[in-house]
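Could you have a look at this structure, given as structure tokens, before my questions?
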Amino acid sequence: MTDRQTSAEAHAHHGYITDKDKYLNRLKRIEGQARGIHKMIDDEKYCIDILTQVSAMTSALEAVALGLLEDHLRHCVVDAAKVGGAEADAKITEASQAIARLVR
Amino acid sequence: MTDRQTSAEAHAHHGYITDKDKYLNRLKRIEGQARGIHKMIDDEKYCIDILTQVSAMTSALEAVALGLLEDHLRHCVVDAAKVGGAEADAKITEASQAIARLVR
Amino acid sequence: MTDRQTSAEAHAHHGYITDKDKYLNRLKRIEGQARGIHKMIDDEKYCIDILTQVSAMTSALEAVALGLLEDHLRHCVVDAAKVGGAEADAKITEASQAIARLVR
Amino acid sequence: MTDRQTSAEAHAHHGYITDKDKYLNRLKRIEGQARGIHKMIDDEKYCIDILTQVSAMTSALEAVALGLLEDHLRHCVVDAAKVGGAEADAKITEASQAIARLVR
């Protein structure tokens, strides 16, 4: 998988790096949400209240995914597009599959 | 909020109780997934690989939500339906709003 | 499939009947949206503008699904819950599967 | 909106053009699905059966959206990336917003 090796070698340019702390904080908060929902279930809270928290956590995860995806398009994909050819094509296919996993 | 107080008083009958351990284990795993994604970002892993893990975590959360919702329908909503009248109506409205939050 | 036959016999009570005209109008509008998107593609409009219309059409379909589902819970499921036993259980399972198809 | 005008002028290069007939056929089928659901409601078919058809139609629409988006990334966005600068940035922002509308 040359593509991925290239990416690994060039990992200093991964798009989200500039906002790394923002993403790390968001994941910390999401981990806290998981712990909060665990506690709600352990305390036998009302199902609908738990579902509300699950929806909030899902939205937080979606926001992370959309942010990472935009950063990926703006950096890795744009860089590959400049190179063009098979590498650009492979990056678009890969990004499109990631988008399909998010949508479905 | 008479409805919710009734629910609180009757919390021993919350539908998910029979599977409480299953849900607690799932939430522990989801918390672990959040920690794993945090580490991937900290280690500056490839964006697409992180997105794959975010999608897996979102699916795990959706499965929890669908399970809780089915339990809720099978117990709280069925019980309210037997009583009928305004309480049944309120439970259906509440469940429908929770479903809408999951779908959108 | 006794369950479904029962439902067929009792179809005068299908929950959405009271709002039948509303749903018929919505489907007419959705059909018009499909025709509009067909024309945009035929006219080679800008991809992002087409995607915006596809998203609007998806939202309209989701609203129909959520409305039908709420009507179904309020009528068919509540009626089955009053009967109780296996019929109620089967209706909840069936509704939960429909919800899962909407969420995923 | 210079961006969009540029796109309009260059519309012969819109990415989906190569598959125009495929998209036109899909939209025709989706229009037929809308008509079928309209008829099911008019005939007062069982709610769950209608919901199954609505889910199938939503999946068909999502497949169109994902196809259009991939074509858009592969052509318009890659072309803009080669130009670089503000136009590339604007295209990525625009595509990311379209993706967010699909995901939410």
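We call the chains A, B, C and D, going by the order they appear; numbering starts again at 1 in every chain.
Heads up, the rule we're going with is that a residue touches a chain if its C-beta (ideal position, glycine included) is under 8 Å from a C-beta of that chain, and two chains touch if they have at least 3 such contacts.
The chain list, named the UniProt way, goes like this: A, B, C, D = Metal-sensitive transcriptional regulator.
What you see is a predicted model; the values in this text were computed from it and never measured.
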| item | value |
| --- | --- |
| Fewest touching-chain hops separating subunit B from subunit D | 2 |
| Set of chains adjacent to subunit A and to subunit B | none |
| Inter-copy rotation, subunit B to subunit C, in degrees (Cα atoms; steps of 5) | 180 |
| Euclidean distance of C-alpha centroids - subunit A vs subunit D, Å | 22 |
| Inter-chain centre distance, subunit A versus subunit C - centres from mean C-alpha coordinates, in Å | 31 |
| Whole-Å separation of chain centres (CA-atom averages), subunit C against subunit D | 21 |
| For subunit A, residues contacting two or more additional chains | 62, 65, 69, 95, 102, 104 |
| Topology of the chain contact graph, where touching chains are joined (line, ring, star, complete, other) | ring |
| Residues on subunit D engaged by subunit C in the complex (per definition of touch) | 4, 7-8, 11-12, 14-17, 20, 23-24, 27-28, 30-31, 34-35, 37-38, 41-42, 44-48, 50-52, 54-55, 57-58, 61-62, 64-65, 68-69, 71-72, 76, 94-95, 98, 101-102 |
| Residues of subunit A touching subunit D in the complex | 62, 65-66, 69-70, 73-74, 77-78, 81-82, 84, 88-89, 92-93, 95-96, 99-100, 102-104 |
